[in-house]
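Per-chain numbering from 1; labels A, B, C, D, E, F, G and H assigned in written order.
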């Protein structure tokens, strides 16, 4: 159930799964691990936070098989380029990898990116050798700038983080796909399986989500649903759908009808 | 990759796949067979036509493994209750089964059902012991009448046959799902994978399609896409999606942020 | 502010306004009269009910200027052809006019039409010389039958009565407009001004509403909004809108730019 | 036909019309003037271009009654903050007014704003005492920054300039309306009357368009349609629409039905 | 004698429809009348007399959509 | 003698349905037969003989949606 | 002497901006003028004289969106 | 002596980073350390000794989207 040789390539690394998932908001680590399994994801996002000195020292890394999953540390919670840069440097030190999901947020209510600060941070981080995957708006001009700066992909939002509204503006996503050559990964807004399929049918190279899975009544089942949906959407995109028409076309032959 | 015990039950018969596919419009029988395989369908629709006395006698049944597939003969091309009834009787005789996909068309341009004639035909066919699966409009009142008549399922259209417009009016489909107890199967209009997923996410019990697969540039790949999409949509429906919100909710914790 | 000679013609009678409004659900008669004025409507619907022998004898007709408004009695509340026919006959007797808004409802939850009964009633009423304006589904096949029976217009619903969902399926409305020659009037579902404008932009000949106005916080202001919106939509339809494009076209000249 | 005291206030100046229109792309000046009249607009945009020394000296200002219309010079065609600033300074000199529609474009295909450059230009122009009305994306974070900088309004695009796609992402427009206190004027993308009505129903304070009118088959009629639609949408917004419901509510009484 | 008007039993004197409507303070021009399931043209209101157990429906227009 | 099969005139010898299908190289298990507008159960193919001017419809399943 | 007006070389006599605009048949109230990349207030049109190789931009309003 | 770790004052003995992490029961391979706003490569954990009033940030990965 896959297309031979159809790989997602980011910064020269190949991935078979086009679904990236977050590790936040699960009831417990067991549920999280089961959901990661069901999702088939190879890239998982993590946050960088202070070690809590008063609580048990249990670390997320005790649960995650790093042979199986590529960690993508994010800069969630950063509202300035400086904070995001600092977080990326710490993430690299902690994770021994250059991959970062760069977020610079504009406000707490929308969690929309502050693209002016995002561009600042991206310019510096790319120079420092990071593989930058920026979370941004569905703004083709910003995406083109991020590509020109040297980001390894662009990750426009479909809708606000955790909103479950799906892709609010497929037109912009299509324009972004026409505009940049790096992978386009829809990040944020996916609420259900069809949202993920739609992203892939538009031609996106991948989808990233967290709340859509972790917040579902049954996260493991939803993880599997998203796994199937991303593959369904990708296959449909490659298969070449029928054109839309206002009127009908019969699927049974006219010839040989009884008289 | 399936939910144990989640079966589609029609007239007491259980099916594991919720995708039903047509056998029309394929380039050749080999392609059709490959697409049926990829779709995972267990129920396939066929048309009833005169044997062509001047051509080779090759029959569709020479290609289809009847242990694997349940035939669902349709009455495509019938514009009156009488024609549809006659076709159903012939189908039963030819196929040794009571299952029929009842279509009574209103005009050639839309191929929309003539529900007045459809109801007439259904009343007679149910009395004659047929297991009637009627192709109808997204009209809750007609669907309720069809259920009351004794049809085994209702199959409202998502959009015109072969149009690829997807589910034009999800509101009516939802109302139909609230209104009848028999399985609701979206028949016609599905153009791509997400359309099928959306039908299942609404709570539909199955999806029936032909042109969406056979008309794709790569029918076998699209058949697999539809297979995955129907399962994705069903799983998402059962998993319980997150609610939609206008604003965001963070997926990474606030606690432990650097200062 | 109108297009000379652009009239709505129903059964040979000319109307300047393409907005028809109901008279139900107003806080009081004064508010209703003000709203009718603001709407600019010339045709208003009324219901037929028993005179309440225990209450004051005040009649709706004491408030409505019949020189200004054409009454369109409805058969709201009728669930069979017989009830609707009986109500139409009483309405003609009470109102001395042949105009009737024919409704035969299918259930109380959706108030969707029972088109099978509707067709029965229409066949009889047209024979009895009524000018029949039937409330029906967005079903082109039923609309064509109603035209062939001799109805003076068809009035497909945009969405359930009082739902305010607007036109749920513009595709079907467009097909109906392609299919019949009598006026197509969207009846039911309009929730706000843009819904009415959209109906007219599709090419509909008129819009009928009640709850959208009477249920607004300020019914008189909403009545004026609907009046403007119907004219705006009609004008836009006649003016010929620009085509939709994925990409941009500059509205300022390139020539003469500074260097 | 208007709400007493409902004025659009920009930088302390009051306007009765909430529709702003461009002066580009008309077949001739006569048609343009007629369209301006029909639109009821009080603010009209103009471009700044070199005088053509080889052609007749006829100036746009020979045709426009400056007692009636407020000129809003734009910086269309500028791709950097510097060009836009230079154009604004020339516009002020030529027009003796501080009002400018600030555009800094990102590319020629989408004509989407380059918000990074836009913010740069806005910071300088506001300091120089300009009344800045910036054309921007439907990005609440950028809009908040523009307000904080001191812009007199924000003008997010509904869709690409001249695309006629309407408001592609009403969710973002709603969030912008929640986020800023200055007037929100939808600029670009309006293709027909209902698009303008929808913008106003969302709560926007005004709409700006050019191609939607000038590009229509009959620009003068479309100008009137837009005039009516903006007023209809505004009135509907103020009147308070009915809530949307999946099911129906009768508009005729149940009491007094025949038995 | 007893008749049924709009579903209610009523005790009235023998009389024609016009008198009845007058008694009920109803303007005949604004209503329609059904007598024993037959519609009664206004023209015969004067000449139609009520009998024991007659069933009458008297309807008029009310606000509706 | 002459019969009409699927709308075409055909000259055939008097015979039963099974023989006819055999001559036409048609597998009886995969078709349904209508004789003069009456459906013919497979059970009676052997015992049903064609007569002059009989109208036959022989149908089977083809690809359809 | 030679100046560049709106990108084109032009041979003109030494003169002030007002005279130039007059020669060019341009209404000074309806244009803005940039001299060697500096905006020229209308107030100084009279007192500003053109020199060899000066670069002038003369702009006005045209239809735009 | 007193240092500030993740925003909290702590009384500790003079020691190097590795010892500190050991005392805190933290696996050095799974964290990153910032000393007085400078990131500290793991390579120098052994050779870096804490001084009075040093400010330390010790971070690791947690679940996030």
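A few comments on the model shown:
The definition used in the following text is that contacts are C-beta pairs under 8 Å (C-beta built on N, C-alpha and C of every residue); 3 or more make two chains touch, one makes a residue touch a chain.
Owing to the predicted nature of the structure, the values given are computational and were not obtained by experimental measurement.
Set side by side, B-F and A-F show the greater C-beta contact count at B-F. Just one of A-F, B-F or C-G has an interface built like that of C-E, with over half of its contact pairs in common by residue number: B-F. Centroids of chain A and chain E (each the mean of its C-alpha atoms) stand 74 Å apart. Spacing of chain E relative to chain H, judged by their CA centroids, is 97 angstrom. Per-chain Cα centroids separate chain C from chain F by 56 Å.
Chain geometry summary: the mean Cα position of chain A and that of chain B are 32 Å apart.
Multi-chain contact residues of chain G (touching two or more other chains) are listed as 7, 57, 59, 62-65. Multi-chain contact residues of chain B (touching two or more other chains) are listed as 22, 24-25, 47-50, 74, 76, 86, 90, 109-110, 112, 161, 165, 171, 175, 210-211, 214, 246-247, 250-253, 256, 258. Touching chain C in their complex are the following residues of chain D: 1, 3, 22, 24-25, 47-50, 52, 74, 76-77, 83, 86-87, 90, 109-112, 160-165, 191-194, 197-198, 201, 210-212, 214-219, 221-222, 224-229, 231-233, 235-236, 238-258. Residue ranges of chain E in contact with chain D, taken from their complex: 7, 57, 59, 62-65. The touching residues of chain A, counted against chain C in their complex, run 171, 174-175, 246-247. Of all residues in chain H, only 5-8, 24-27, 30-34, 39-42, 57-65 touch chain A in the complex they form.
Touching chain D in their complex are the following residues of chain A: 106-107, 109-110, 112-116, 119, 137, 139-142, 144-145, 159, 165, 168-169, 171-172, 175, 179.
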